[in-house]
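Take a look at the structures below.
Next come two complexes, and both contain chain A; in the first it sits with chain B, in the second with chain C.
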Partner chain A sequence: MPKKAPPTAIKEQSMEIQKSMIADNFRQLYDAPKTDQKVVSTFVPGNLNELLMCFDFARNLPEINALQNAMRKRTGRMIMEAERAGHSEDVCTYVKADLGMMAQGNIGPTGEALPTPDLLLLSYTGCFTFMKWFELVREQYKCETAMLHVPYQGDGVITPNMREYVVKQLKEDIIPTLERVSGVKFDIDRLRQYLRQSAKAEEDLVWVLQSAKNKPSPIDAYFGGVYYVGPIFSSFRGSEGAAEYYAMLRKEVEERVRLGKGPVTPEGEMPEEKYRLVVEGPPNWTHFREFWKMFYEEGAVVVASSYTKVGGVYDFGFRHDPDNPIETLADYCLGCYTNLNLPHRADMLSQYVEEYEADGLLINSIKSCNSFSAGQLLLLREVEKRTGKPGAFIETDLVDPRYFSAANVKNRLESYFQMIKQKREGNAPLGAAA
Partner chain B sequence: MKCFIGIDLGSTTTKAVILDENLKELGHGITNSRSNYDIASTVAKQEATVNARMNLVAQSLSDIPELSGRLKELLENLERNFRLEQFMESLADLEMVCRNNAVGERFKGFEQGLAEALIVTFQKLRLEAPDLFAPGAKRKSDFFRDIAGSRYLAIGEAVAKDAGLAFDMMLNIYDRSIIEVENRLTGENLKEMIMKALLRTLEGFSELSGVSKLVENAVKDALDIELEETYVVGTGYGRARLPFSKEHIRSEILCHGLGAHVMYPKTLTVLDIGGQDTKAIQVDDAGIVDSFQMNDRCAAGCGRYLGYIADEMNMGLHELGPMAMKATRTVRINSTCTVFAGAELRDRLALGEKREDILSGLHRAIVLRAMSLLSRSGGIRDEFTFTGGVANNEAAVDALRALVKENYGDVTINIDPGSIYTGALGAATFAHRAV
Partner chain C sequence: MTDKTQKTTADISAKLETGNSSKTSLMYRKNLKDIVAYCQELFDDLDFKAVKSWKEAKPGRKVIGYMPVYVPREIIHAAGMLPVGIMGGGDQLEVIHGDAYYQSYICRIPRSTIELGVTGRLDVLDGMLFPSICDVIRNLSGMWKLMFKDKYVRYFDVPQNYEDEIGGKFYIHEMQTLRDDFAKLVGHEITDDDLRNSIAVYNENRKAVEELYAFRAKGPWKAPSTEVYLLVRAGMVLPVEEHTQLLKDYLEVAAVEDRPVRDNCRVVVSGVFCEQPPFNMIKSIEMAGCYIVDDDFMLVTRWLLQEVPISGDPLENLSKAFLHHSNDTAAKYEPDVDKKGKYLIDSVRDNSAEGIIFAGPSFCDPALLDRPMLQNALAAKDIPFTSFEYAENSGQMQPIREQAGTFADSIKLWSA
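Entry: the complex of A and B
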């Protein structure tokens, strides 16, 4: 029987551009061995993209590979492959998808082979798993590893000491390593130039994300948001292309605001905004469209999310600063959402609920993520208490399709939406017309 | 009469509740959820209508002074005879379908023998049917599928043996036929069946012959009251499959919260253990849900777990609780995995543990899991209402009481005998609010 073609998703122009940017990066990685370009693998939160660009590295981001593979329904097999190799069911599924992909020939999401990296740069340790992940990968690639240790914001502040510690590592360890591996001399003016582009893109991104304060919100700051943060969280921050992309995106959204339009979903424009939510936690990638549909078909729009901050928190004023190029890299790494402690996260999420006039906080807790799922129920209670708005909790996974139970998630979401509706209608006495 | 109907389509059973304009319950009904949700909800609604009719009949008959002192007995007999009528109707249907199914390639050469064996089997089934519905008779279940199934197996096996036929063939015919019978509606002539049951009942009350006309008329009057289906709200696991539009569907979490509030207005925390999910719900003083937690994709420790255990022990589901209550000690069991339930049970038996002690442990294990959900939802607040099918299980209730006391001290625990209808009651209340 011929396979039924999946329905074509309706996308904004910016989404198409974003898609081709990501595809270009995979092509660059594929070509790297032929063009003798050096390759670095590094993680999204706290990535030093501008710095890496100074050494002409092609940038490979394993989480992006895993999520892109998941959206193409490929991670199930990869995860099983990793499990066959001895990794237990509870291990982070990003890790297993990556290891499984390598075991199956290291063919990337676009069908092009991924190169063997020349360097593994671990620039963030807020998630302990990252360290273990590279330890496992290093075994196989037998390549050099550099680690930038970023102190955790345990007390909710970045002290001068913490900043100096990161700067010192950058100057004395990371930059010399990058020079040695790449054979390119470090040029601080080149870095300044990239940082200028970053700041421009960041300015526009913040504008776009904050446009969700409008009613109706012109964007979905979670499902749409993951497209928007794609370039800046991956290998494009600092590039001219990214700055252009965000300027274009901003124009697109400005137009939507002007016309009073809601977000674009895969099935077209959302006709009515019924619920405004703040979401904590990454989306599920294996059933991304199905998951999104559970929201938009009920008229639920996500107006702010913490996931769109994991690769950099910009909405409280931080911008990459070309005048203090090394220090700004340190501040960026220290300030990523993943490096914030629970009280800080509670502050931020409560603030979002208030400022974006949301109906409440929804947490999508990731089953195989031990670092960030810990304490989420506490977060939920705290935000509920502070804002007086009801919260809800769902559980899925990043890229393991076995962990997505559609009926269960839908049940909880529908209950949550109906709960919000009930609350809104007020505590009408029993029997009173609703 | 305006009626507001709530239907709770659960994974195991489907429940319906009918309320009148003043939110007074007119009737409730239950059936097994089958592959056809549409039929399941219609049957549940029909059962609730039967119950409502019986209640109206009771009300109508209570006005006849000559019946005083005998009314309860009369009504019980009426209900039993009605159930018998209902059973006979389905049985006739089943026989017809079985006979139609006893032909074809598979049964070649045995058709004649099978037809005869079926005639004999159903004759015997019909003959013993009145005993199944006699006063004080105990049935493992009230659902036609269960009663007819267990009796067909027992009688059919003997008949097949006598006829020199392989019982497998008889079994195959039954399996194919019961699904067909179950998935079509019977009892559309409800009023007629009640009248028939009434006549059969009055035969046993010869001393009332003087007022029999009066009784018949009173029953007729009650049956003539029009029950207008004003608004229906569906809920439960299968709610999306109900033939209702979106406005007529509510989440079971909201329905259980509101249903518990209607039953016990001081309720602040609700625990519902259903067939496939367990829900811990916090409600405000108007029964509106504040927060909730439910089990994820795994149904470990839910009602279905007890179902498997019952199957494994070859017992009826409702026999588990009483057996567990006989325990002298509680075996510690940590696994509530439904899939491993059988293995766990056999392991324990092999270790020489007593069945009742193991069962006691299994009940505690279920409740422990529920306690974890409760704490994640914000803990137990006073008053605490336990709902769902498992709330009818005394061993589970016992374990819950002990663990609540241990963890939260003295808390008022409400358990309504009709707790299985909580979701449907909430849905019916929503139906009333919607108009």
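Entry: the complex of A and C
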């Protein structure tokens, strides 16, 4: 009997536009060798998109490739290919999916070939693995690599020394390299113009994310949120297209708030909001829709998430500042979520639980991502202690299908929802459902 | 050289000759057996009794713990405090609480370190430094802040940019912050001369460690790696002056000890720079027929590769040493693709090694992600290697012994 095709997902208009923007970027990358456009590969957290646009680079983001491949169920084979080539089972699956994709001909998620980059811009922000990842791909591409070392906020603050260090690297190392590789002279006014667009988009994105304070929440700030942050976290921040997208998204969500509607799920509008959650950690990409379904089937809405801050924390006031173009890039890089120390992350998550009137904190702990995951069990306890709301802990992976156990995850989620329900009725002790 | 600098250098030399400010109190008789037994005792002691004794010997003394791979211990020493290397709990510590803080896919060292902390074994420490090595240790710094609120806790970032004017300036400032923080902790200023003196003391120590390594590389049957390991490990808890003396004493007695030469091959062990393997793993490698002639255990003692100048600005000197003359490991970025793995190839050549054993801790991102690149570099030079993973509490050594034995046999049979 032929396998039944999954039903077509229902999407908001903004999701369709976002999908088309991402597809356009893959097309631009595919065309780059023909159009003679220079290509840079760089990471999502701490990406310098506005700066790269000043040099007319096409931007390739390896994490986006990996997650897009995962959503298309392709990463399992890629990861095994990398493991056959000698990479340990223990290490980051984003890296192995990328290396496996390269080994299989470097065909991107849309089926179009990805070009050899002219430059690897290693923005070493909030993740140690990034450094090794680009050393590994550098070995394959044999292209130039520029390193931007972004210090960690160990004490929970950005010190003048940290900012100055990043600014100096940008001025004396990164910008001259970008000029040399691209052949385009740096124009600071062009950068300012892009930064203005970024700030506009950021303003609208924050409005959209904070709309989840409404009851019911008009959005799902995790599963829906990953669509919303797609353009601003990847190769569109600073572009007119991104600013237009976020203005349009805001209007769409404003309308949902006006009508008192809940989020749109792949199976249509969510009829009733039963549980409001804050989620810490990235989603699983290989079973994204199945994972989401476990929430919306139970009436659970994610009202705030840390993952939607991984490419920039905007909801505490930061906006790209065109009046201080280089310094603002430094502050952006230094302020990404995984560059914050654990006490700061505990503060943020507790604040989310309180401000979004959530029922508790759910942690999706990712096997591959020590940057997020190491210390999450303490975070859970800390947030529970501060908010008095119960937490739960599930474990999956980013792009390795071997580490998604649907039955286990579903079981834990159901127990958690049960616990919240009982707590509301006043007869459950506080404790994690993990 | 200015008069002032000349005077400073002379003062420091004089201090060194008289054993510096710390009176030595080594608790062993100067023979090989006693020295090794003393080191073994220090290694086995999970309650840090030696550190407690040091602290209790004089009121007001303070202790700063640090994790692998590297911190400038000179600054701790210059403040009059004792730097103590926290290398995890090994295979003798039962980890009960520590496991409750971590998922199954996180390495062992943070679990056992938390175990040491929550069971009060680290109460002797007045502060902890968490160097920039990986995301796990980085996040542990935040956990420590949340869990041990009365202690000084600092994530110590080091530059991945090696330009004096960029990474150097950042690093000097980070060290200055550490210096200021420590001055507050001990209640007095840390002068440039204090720092110069400490640099000189650590130069002596680095020299002694290098001599020990050179001695082993020249005649590995004379200095088994189990002994070398214990000797260097003793430096994690002893005052540096005492540790230097200990190494000198060992070298003196080991040189005259008559030990049989075995038909072992010579290997470099790589990847053991953070979570330490069980002591039995080192024994097993040797028993399998491999003389370890170089390794990256406790790199803090060998991080700086040249003598750090004691004249001039001490923090600038430490910075330059870090940027331009420091060891390579997976925790550092290698800007030059052609130099990736060169340090291992150099080690093989300089120590007349015949192969490399990659021993990486399970779930160690730096070691395990770096390994394929290092292996490619070795393969290009036809240097044989083998690889396995371990955890600090691994109990079963038979597979490792067999793998190391097969590797040794293959070298002897086919590398002639």
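Following the convention adopted for this analysis, the second predicted complex is superposed on the first by the 423 of 434 C-alpha atoms of A that agree within 3 Å, B and C clash if a C-alpha of one lies under 4 Å from a C-alpha of the other, contacts with A are read in each partner's own complex, and residues count from 1 in each chain.
Heads up, the rule we're going with is that a residue touches a chain if its C-beta (ideal position, glycine included) is under 8 Å from a C-beta of that chain, and two chains touch if they have at least 3 such contacts.
Remember, predicted model here, so these are calculated numbers, not experimental data.
When the two structures are aligned on the shared chain, A:K142 is found in touch with chain C, with no touch to chain B. Of the two partner chains placed around the shared chain by superposition, chain C is the only one that A:S371 touches, whereas chain B remains out of contact.
When the two complexes are overlaid on their common chain A, residue A:Q104 makes contact with neither chain B nor chain C. In the superposition on chain A, contact is made by A:K423 with chain B only, not with chain C.
Annotation for chain A, partner touching more residues between chain B and chain C: C. Of the two partner chains, chain B is the only one that A:E384 touches; chain C does not reach it. By the touch criterion defined above, A:C127 lies against chain C but remains apart from chain B after alignment on the C-alpha atoms of chain A. In the superposed pair of complexes, A:S20 makes contact with neither chain B nor chain C. When the two structures are aligned on the shared chain, A:E395 is found in touch with chain B and with chain C. Looking at chain A, you'll find residues 377, 395 touch chain B in one structure and chain C in the other.
Those residues of chain C whose C-beta lies close enough to touch chain A in the complex are 100-103, 105-106, 110, 130, 132-136, 138-143, 145-147, 154-157, 159-161, 163, 165-167, 169-170, 173-174, 177, 330-331, 333-335, 337, 340, 360, 362-366, 368-373, 375-376, 389.
Here chain A touches chain B in the complex through residues 377, 381, 384, 390-393, 395, 403, 405, 407-408, 410-412, 414-415, 418-419, 422-423, 427-434, going by the rule given at the top. Within the complex formed with chain C, the residues of chain A that make contact are 85-88, 90-92, 95, 122, 124, 127-129, 131-133, 135-136, 138-139, 142, 145, 147, 149, 151-152, 154-155, 161-162, 164-165, 168-169, 172-173, 341-346, 365, 367, 370-371, 373-378, 382, 395. Across the interface of their complex, chain A is touched by residues 23, 237, 240, 250-254, 261-262, 277, 284-294, 296-297, 376, 378, 429-430, 432-435 of chain B.
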